[in-house]
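Just below is one structure, and these are the notes that go with it.
Chain naming follows the written order as A, B, C and D, and within any one chain the residues start at number 1.
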Amino acid sequence: MPWFDFIPLNIVIGIILLWIALGVAGLIAPSNLQYVTRALLPLGAAAGVALAATAFAAMTQDAAVCVLPLGLPDLPFHLRIDALSAFFLALLGLASAGVSLFYAGYLRAGEDNSPGLTCLQYHLFLASMAAIFVADDGYLFMVAWESMALSSYFLVTSNHRDATTRSAGFLYLLIAHVGAIGILLCFGVLQAGSGDYTFATMRAVEPASAGWMTVAYLLALFGFGAKAGLLPLHAWLPEAHPAAPSPVSALMSGVMLKTAIYGLLRVTFDLLNTQIWWWGVLTLALGLVTALFGVLFAAVQTDMKRLLAYSSIENIGIVLIGIGLAITFRAFDMHALAALALVAALYHCLNHAFFKCLLFLVTGSVLHATNERSLGRLGGLIHSMPVVAWLALIGTLAIAGLPPLNGFVSEWLLLQAFLLTPGLPNSYLNMLVPVAAAALALTFALSGYVMVKFYGVIFLGQPREEKLKAAHDAGGFERLGLLWLAVGCVLLGVLPVPIILQLGTVTSQLLGASIGDSVVASGWLFITPIAPERASYSPLIFLVVIAAVVLLVFLLVRAVYHGRVRRGAAWDCGFPLQTSRMQDTAEGFGQPIKRIFEMFFRIERHEPTPFDSAPYYKSRTEDRLWYWLYLPVARLAERLSGWVGVLQRGRIHIYLIYSFATLILLLAFAR
Amino acid sequence: MNLPLSAQLINLMAALLLLIAFAMLSQRRILSLIYLFAWQGAVLSANTLIVAWSTGQPHLYYSALITLALKVIVLPWLLHRLIVRLDIERDVETMINIPITMLIGIALVIFAFNLALPIAQWAQTITRSTLGIAIASVLLSFLMMITRRKAVPQVIGFLAMENGLFFAATSTTYGMPMVVELGIALDVLVGTFIFGIFFFQIRETFDSLDISNLEKLKED
Amino acid sequence: MEILLVLAFPLAGGIGLALFGHRRYAAELNSLFSFLTLAAAARLAVQVVDRGSFVAWDELFFVDPFNVFLVALTAFVSFTTTLFSRPYMRNEQAKGKLSPNMMRLYHSMYQVFCFTMLLALLTNNIGILWVAMEAATLATVLLVSLYRTPASLEAAWKYFILCGVGIAQALFGTILVYFAAERVLGSGGTALLWTHLYGVKDQLEPTVLGLAFVFLLVGYGTKVGLAPLHNWLPDAHAEGPTPISAVLSGLLLNVALYAVVRSKALVDGALGTPLAGNLMMGFGLLSVVVAAFFLSRQKDVKRLFAYSSIEHMGLTTFAFGMGGPVATFAAMLHMTVHSLTKSAIFFVVGHAVQKTGTQQIDEIRGLNITNPTIGWGLMLGTIAILGMPPFGVFASEFMILTTAMRDHPWATPFLLVALGVAFAAVFSKTQGMVFGDTTAQRLPHSPALVPVFVHLALVLMLGLYIPPYLAAWYRQATQLFG
Amino acid sequence: MIEAVLSQLFQTLLAVLLAPLMLGWINNCRAWLQNKSAPGLMQPYRTLRKLFHKDAVLAHNASSLFRVAPYLIFGCMVLAASIVPAIETNLPFAYAADAIALVGVFALARVFMALAAMDIGTAFGSLGARREMLVAFLAEPALLMVLFTPALISQSTSLNTMVATLGQREFALYPSLAYAAVAFVMVLLAENARIPIDNPATHLELTMIHEAMILEYSARHLALMEWAAAMKLMIYCTVGIALFAPWGIAAAGDWQLLPAATIALVAKLLLAGGGLAVLETVSAKMRIFRAPEFLGMAFLLGVLGMLTHFLLER
């Protein structure tokens, strides 16, 4: 068998098959919880780790291909592993390992579907994502892509008795399907009439003209954007993520969105040989809008999972900004800078996978402990579930982009890329890009705001409900999963240099350039994208200094003075009748944002007047795009189907007239 | 025009056929429709006979015989018994006004002739010009089916269409092979029986044979 | 020899069941006959794939890869349908909807229907083909009105009249073909035989064949259910007993399309212009679009899937119209997967309807709570029919779409919009039926869902892996239309 | 190398120790300007000592985060202090964190402060936290823009290089820096809870931001918080000096200039403090929802600075 001579690819295939096997194994004893959670899911996690290791190794080796005797007769399954796909495989493996571990502790009997079925759908989801990353022809890619959409759809709707869940699932699958159609068309353009849908051919041939290339790129942007939650195709995201069980939301947000990024990169830099600069500008602009939109809506959410979903939209926007910069630089042959921007984007993908999975899993633990999703009924959980709280703190700081954690690294790299734009030969861009940088900075700052709200309202303060005091901390497997991801966040934050070096292989594959050598120039301790005197950052020193100072100060204070502590009632300016209702709610945190950025939202507010006998406050914040884009399309479809209904009015004479007219017309036409 | 006698006869028959078709199109009363249908059958079998005689093809005699038996005797008799049993002999049905129907019919005839013209020039049978008439009569019976509101006349229109086809078969090509002829004849017979069954079922369900009862299934 | 068996078993079944069709063991008998037919068909298929096409019985029948694959498919689906109809019809009888005589009629007519379809496929004579098609209509029309309800009567009437008229046009087309062929092959039998016609197709008079194709297309197209000739189809599917709906849309449409495709091959040879292909593409596209928009307004579950049949037949017709090896291959694959999937869906729908006692989509809810197998069967079937990977329908649609993108880019937007609309329409309705809370109760006879999952498994396999044997088979068939 | 480390230590300690003094100086100036009698320069030190002596009183539901926060914030400020080249440009730590990282440090400290403020769950605490974060997400991008202008001029984000380029090369006038400077002052006022955004002297519930956050702190924790705040103000001033008046900062290596540099720094700080006091005296505290306009203006000026840089200086 010819495909057994190159190791990594075979291992990847093996792991894909293993995942499928684990899923099917779940059906053997569908209702046996122990069997699923203690055997299958941990095995899946182990497979994830193995996948990550393999892929990490494969990144430095050169691309390998193989052909499986499956698929269409004249288009068998082509598989290929290169630096790009290996990177995303590693991401999948690392994130899924944590999520699977968590799921082993999270899964309960009698909830939604039977454990076995869930196990099947979950592992098929993993397998299809892995298959996407190694697919090397249009057909396999589409098969894997849609299988991913389907399996995740079933996971999303696993609590299908709830009507909102159903509608969310439907919206999700619909948009996914529309996007898939766009991707299919994109491949159709890329194969440029050769009729061969292997990626190898698409690399070789070029669309006829720049116009067709642009069409291909736009189709890809549309198709993959629909999956990534790019504006204005984001509508499914804040619906589907909250509806799904938390580990699934984690995987969807942390990894599935990245498949779209992968696809976009694959098409833009690999299948298309040349890029046009304004593609980059377009992507950059869209990314900015998406990021700002996401973070603003995240700031006004009152449901913790919706909040995280919107924050995912924001992060995807940031990644797209990086890609846009990379395209622009690339189009102007500034390869080193393109590499820098791309590294920033990829690094952010990795980071987002970690901290977003972590936070979604945290919401899962909170959900199981309290049965509450609404921020308005949470609070003070740091006392009842300290482990989760402290791990969640890491995720929160990371996603808020604070040094020395991982979120900051990618932000830092991205801002560096922006600062180095003045080299661009187009004066307009020179003027505009800094403004974009400003908007990006605003996004970062806002995400800090959002995350303080998220963490503070859930874990800090007084419990807003009595029952919260009884909340229990997460179990062993859950903690393990959370820990895995949290450690990942810290390591990625503190030791970025090796990762960046590894990413060099990806950039040199896609752009023929890498920032690796300039990074190693000043040792593993410092990131120096271009040169030490231009910019450098060393999270480790950063961390060490702060830790040292904290320790020193602590000891000094103890030594010189004392460590005495007394407990008393809260001071609060001496106000004695303090209740938990008096703290700021999530609503309250959203209020300034609503007020400052009013034009972004569609707000229905009822505010009490001083004269109300029964005063109440009510406010619904909605997405304008829903009313501007989605509803009109739906209405149009309805109207059309109303029109065709006229064709069938039940009168046989009319039907006969149809046949008659058809006959006459054709006769007239045929002679 | 110096055609052989047979050809002239055939053309005459064709003309008669067309005439009857028009008559049916304008006929309101069911009973007379049935008679007209029988006449059409007679013309048809006569025509077949003439072709058989002039071209000396034995199997056409059989088919003439079948036609006679089926379309002049059996079917009209069946239909007649049917409407007697359902006692609707006297039924008169209202249709969209006849002159317009006629005009449409004439337009159809012109269309059909033009359609057949090139073919007729190309063909070598003595009876080539009849193709146009065949098409015309098919289209006319189609038109008739469209204009009828009641079940029985619609069925008669259907059978008349069958006649037109048969005419085309015999006069343009000297008849289809025997197997096919028999098959077609069988289908027509069975079809008529089934129609009969339907009449009774419809009748007992809706206690009338008005098709306007059959307009419930639709997109609303 | 096998040919005779393939035809003899169903015929015998028809007669036998006409006598014993009301007995207790009738259903088993029915399955038995169908199974024998299947066995014979299988042997025939093997022969053809090994030996290539041949004619038999002084050229009355002929078999080539194209029709033999349809024969095998027909035999298979009609067999599995009998398995499904056993408990289904018994439930109907238990509900008092059917009298023993009706059962007898049903069983006997079912076999006769299979016989006519197989005859239409196997005969070498376009006249016989026509006779068989007409006979198929006659055999099914009484089954459509089996329940004797006003609605079923109306449906049957429309079915009968529209298909009768249509098929009459087909006869005219046949006559015209004969008329043209006679010049070349001389009068008498041979001028109606596919084998001979194909031999001389380039000598036939173009104008005549052009007209002939129009009549044939309108005629058989009515039976394929091409818009705007499709109006009988949803009614007949919705009102007849479900097994009949299954075979109607799973098999009869294929057979009618078979006739159209054969004539296209003939006419293409004679005309040398893409007229036939363009006409078929036009009809196909129109049907796909129209059906897609009809889908989104359906309230009756069987009507819903009837329209989906129209859509898929349109797609197949479009593919055949495009021609070329890939498209034709895809079209045949699509015929296969569609009839497998659609019949499976009708099986499930049948049971669902019996469980809930209604065909109204809004009143069928939460199937996979009361009966997960039915629920998941319907869900998977719908996903498959909507052309989602990894099911086989996607494979054929992928090939069709990609070919269309290469050869007829103008058509792709229509196709894609239609597919998108159809997806939204069908999936939203199915989701509602499968998920959520429910009102279904148990049935006296436990449903037979083996056929469903066998079909779906086959479709799934065809999506991921097309056995070389089958591929070679399709390729041989594709050669015929080179 | 060794002297590098020494000078690093020296500067860090200088910043840490001088911070309260700076605060005292500003308070004095304000008192004079508003002709009140001044508390005396050393008052902040006395306050700190008093606080360190007291027993800490924690609310019953104060979590571990609440107790850790002051130390962390103090640590952040020390780190920040050791990044900014106040008296010489050869700071080893300056390579560990550039201008962007500096903003990051401040953000880290701020987030911890806000979280700690929410921890007790009092009305004022969470109110303060919200307002602080509101001001922050408006001020932070403005600050970044301010820093970008010199970064673009010096083609670097490392503070060392910036100061070296601006202060130690041949003298050049950068109009873009004027915009940046104005913007910077506005950000400084906002970030350090000064008038017109916040009033450090008040405990009037409805207006306070920073004070509301540390209401629940007492004794050593409060001391650390206050000290950190003082350092923050000091660091901001040194950053401003380094960017907009870098003259006299010793170049890398020649550490015999350190005394001179130190004196220069102190002089500049005195000036800055005075100026700050004047600003605070002449302007009035504004409503919280005027803050967005104020900081939006700062942001705008920052961007304008960058644009003028592109327009005039390349």
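Keep in mind that, in the parts below, a residue touches a chain if its C-beta (ideal position, glycine included) is under 8 Å from a C-beta of that chain, and two chains touch if they have at least 3 such contacts.
As the structure is a computational prediction, the values presented were derived from the model and not from experiment.
K.L.:
Which two chains have the most contacts between them?
P.N.:
A-D
K.L.:
Averaging only over C-alpha atoms, locate the centres of chain B and chain C and give their separation in whole Å.
P.N.:
31
K.L.:
Distance between chain A and chain D based on Cα centroids, please, to the nearest Å.
P.N.:
Going by mean C-alpha positions, chain A sits 36 Å from chain D.
K.L.:
So, what's the distance in Å between the C-alpha centres of chain D and chain C?
P.N.:
That pair's centroid distance is 79 Å.
K.L.:
Provide the C-alpha centroid distance between chain A and chain B, rounded to the nearest whole angstrom.
P.N.:
Once rounded, the distance between the two centres reads 71 Å.
K.L.:
Using the touch definition from the top, which residues of chain C touch two or more other chains?
P.N.:
157-158, 161, 165, 207, 211, 294, 297
K.L.:
Mark out which residues of chain A touch at least two other chains, giving numbers and ranges.
P.N.:
Those would be 645, 647-648, 652, 656, 663, 667, 671.
K.L.:
With touch defined as at the top, which chains are paired up in contact here?
P.N.:
All touching pairs, sorted by chain label, are A-B, A-C, A-D, B-C.
K.L.:
Of all residues in chain D, which touch chain A in the complex?
P.N.:
Contact set of chain D toward chain A: 52-53, 55-65, 71-72, 74-76, 78-79, 82, 93, 95-98, 100-101, 104-105, 107-108, 110-111, 114-115, 118-127, 129-130, 133-134, 136-138, 140-141, 144-145, 148, 151-152, 155-158, 160-161, 203, 205, 215-216, 218, 220, 224, 289, 292, 299, 302-303, 306-307, 310, 314.
K.L.:
In the complex of these two chains, what residues of chain B are touching chain A?
P.N.:
It comes out as residues 111, 115, 118, 139, 142-143, 145-147, 149, 211, 214-220.
K.L.:
State the interface residues of chain A toward chain B in the complex, per the touch definition above.
P.N.:
Residues 645-653, 656-657, 660, 663-664, 667-668, 671.
K.L.:
Give the list of chain C residues in touch with chain A in this complex.
P.N.:
Those in contact with chain A are residues 157-158, 161-162, 165-166, 169, 207, 210-211, 213-215, 217-218, 222, 227-229, 231-232, 234, 275, 279, 290, 293-297, 326, 329, 366, 369, 383, 388-390, 394-395, 398-399, 401-403, 405-406, 412, 416, 419-421, 423-425, 427-428, 431-432, 435-437, 463-466, 468, 471, 475.
K.L.:
Report the residues of chain A in contact with chain D in the complex, numbered from low to high.
P.N.:
379-380, 382-383, 386, 393, 397, 400-403, 408, 412, 415-416, 419, 422, 427, 430-431, 434-435, 437-438, 441-442, 444-446, 448-449, 451-453, 455-457, 460-462, 522, 526, 532-538, 541-542, 545-547, 549-550, 553-554, 557, 560-562, 564-573, 575, 578, 580, 582-584, 588-589, 592, 595-596
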